[in-house]
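We call the chains A, B, C and D, going by the order they appear; numbering starts again at 1 in every chain.
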């Protein structure tokens, strides 16, 4: 019985290694298959939304979707089985994404084939969120993410400042231009101010009076000038982060809490103290 | 009598603490209420401007506006009472904003309900400026503001340079394109040059002759290249500011001159020398 | 005779001081008058181009233009008289601007009032170049200019690289989209590629085929990514320049070669060795 | 025979010097002629695509194209003869460009004058790629290229992140706006999201519902904010590269492997160990 449990433990550990790590050939193969499945899946959802393609290949896309859904369901179950604390995975960002992008297809069976339901349509598009699973593979993005987290407060203040500016500028333009140019309400004018300040410039709404064009010019030059602020912020933070970040880490994940980015010579998980590589050493 | 005055002084000080500082529970509560009131107020002004919403809920929005106006009037009076030098507050940036955004509603009583008056309409929109009261809560923006103030001369020179460039380029395009493409006056051509150089690109006016498109291409590449200048300026100044700005400050405000950002262990106001926390110590 | 010459020399020196420097009250007054004259002049040219305004105030604008032209003519003559080496001024950037922006009005007398002539119309617009005289007053722009000059080779290479990229991308899009979408020649497709890569995006030409939109998306993301290059260049050069540029200079100009930005304690011109302030010391 | 071989070797070396280096007058002259030929060639391809010009000057452009094609063919043969390891050149980036841009004209003889063939049209436009030969002359771009190569992984991650973001945002907008505004499929909505996030903003597709405009505003502000990330990356890398890159190099190329950027005092090629300047020293 004890023997049996150890065998199960070893099998569970091997599964964890394949699914959560990328150091072994099996782990690498699993990752490649998953990557292809994600791409095919997202492509299928996209093609389904093109009415001419959907009309022609509706059946084929449906079968493909079922194959992918079952594949991801198996992956979801395997992830829960192989981890020591399943709850932590289930309620993690990726756990929720994995679940949300698998459920819609099953729900479509229950609710039935009524395509008219908007709620179901929205639900089915949740499958596009599978693309977020790719974030798992963006290891090089760690430094970027950290720089963003550090300067997050400043970026928030900046975007808040942009919003206040756009509210005031939008109100002024609403007063000057008025209905004929399309500035027929303050929210719409604020939308225009954001379109202009961020230098997007659709042209769906644009000033036609000389005074309106004058103020629009000021907004554009302002937007052209203040874009420098977040750039300076992130750039400075990034320079700081780069000088700090020199240590090398590997791809293995803790079998207990699933924390990654362990130091190459780490023996214990830095988050829960769990022993790393327990079966590798034996 | 002296006792009485001291009681009044204590009450005044407590009021000052609640309104101008955020370290006590009462102060925090006051801030939250004010924040909600500002958001609701700005939202009300926006919704009023949407004709379909105004037609349906005109009465409700009017009542809401009166409630908010009275609330802000009380805040304005409380701010004047609780501060040692009321004149300083009244003529400060926030004092003027507080007054200007409260008056319009009272004026609407005097002038009457004639909606046709453009002046009154403009006056009523002043209420949107209440959003500027939010700036009080953007503490993290200090460093940003300082970096902007330090590099303000250079940014001004840069924007001035952009304007000169746009004047020249606009005049050249007016000459080349002429009336058929919409370049029917120099100011309008300058407006186009600004729209192009800042990479906004509405498309309401755009060159149609090959020569005009060639020069427009040069302007775009120029604009794409010179956007680097303010970014470099602000970035460099920000890096300097960051290395200087390390000391910790708190949210208390001087009861005399209302200066903020005092050092944690400060005993006297750094601007007027007034004793800080005089009643806290007793 | 010697005495007389000295008096003339002194008068000439005073004139030089008034025109080229801004340290004396007379010099400051001259600068303010000139600034106003430039602004009024440029405004007049702009207003003249608006047909509705020109129809109404043609006479008044013509008189104003004559007053300004005579004023600038006097300034031009005074500048030539007061400087030791007039040729250097005449063939300098500002000398040519001063001459070019004064001549057109006199030429209009010779050629006559035939408004139809395009050449004359182009000539008259040269007066807008008077705005370049403002560059003289942008003292703070020295560091900016220097940073630009230092990184000029790299920016040129970058813009050249952008042009090559746009040529290739434009040709590919010409092949894919073809006539119906407006991509009816390679130069026009290159124009579109520049409009897209620089993120201007007029929308006058835009892809309509799925493949074209796919490639356009790649161009946009490319443009969004490579805008970082000149920003990094100028930013880095500016940081270098800032650390070098600490010495204080004054506004006086050499009476011989007109070089500016002399060190506060300079006795001789750094460019021609001429004695500075020769009459100030006496 | 040995003598003869040495003469041939000497002639081959001289040819190598003329074609691959720019230190001798003959080498400089060759470069200038090549530069002009490239410009004329690219211009000819462009003008050919303008139907009105092609109708008028079809014959002249054809003759010009033949002259240029023969010239480039001779250059291609000379490059192969003069280098020690022709295979390395033939399969290098520039070797392929040189071949691909010369072949189309000869193929047009074989396939015949049938202009209708799309494949031939695509082939003929390959001649535009001759502009890439200019990259050879962009020596100052070395540092830029190196900074790009170093930060390539991070930029790729960033662009990947932008694509994931656009996929999610595009899907959400497809759900909200739907057919009437032009968001009639997910790929099209993703195209719109890229157009918006990169601040290009054609305006061919734009939201019309209030909720859609609200989300579009968020996308714009996001795009305005995250443009800071690649800028910070490249800027930081460039600052690092600048401090490293101080050594001076010359324009001579190795006769064996064609590697350039040799140190001024280098005696041997840093890539293949071949003796540099073997005939210069004798």
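Assume contacts are C-beta pairs under 8 Å (C-beta built on N, C-alpha and C of every residue); 3 or more make two chains touch, one makes a residue touch a chain.
Note that the coordinates shown come from a computational prediction; the quantities given were computed from them, not determined experimentally.
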More C-beta contacts across B-D or across A-D? A-D
More than half overlap in residue numbers between the two sides of the chain B-chain C interface, or less? Answer same or different. different
Inter-copy rotation, chain A to chain B, in degrees (Cα atoms; steps of 5): 90
With chain centres taken as the means of their Cα atoms, state the distance from chain A to chain D in Å. 33
Quick one: report the Å distance separating chain B from chain D, using the average Cα coordinate of each chain. 47
Find every residue in chain D that makes contact with two or more other chains and list them. 158, 187, 190, 199-203, 223, 227, 231-233, 235-236, 239
Of chain A, residues touching chain D in the complex: 42, 45-46, 49-51, 121-122, 125, 128-129, 131-132, 134-135, 138, 140-141, 143-144, 147-148, 155, 158-159, 162-163, 187-188, 190-191, 194-195, 197-204, 223, 227, 230-239, 242
Complex contacts: residues of chain D adjacent to chain A: 153-154, 156-158, 160-161, 164, 167-168, 171, 174-175, 184-187, 190, 196, 199-203, 206, 210, 213-214, 216-217, 220-221, 223-225, 227-229, 231-233, 235-236, 239
Within the complex, which stretch of chain C touches chain A? 199-203, 231, 235
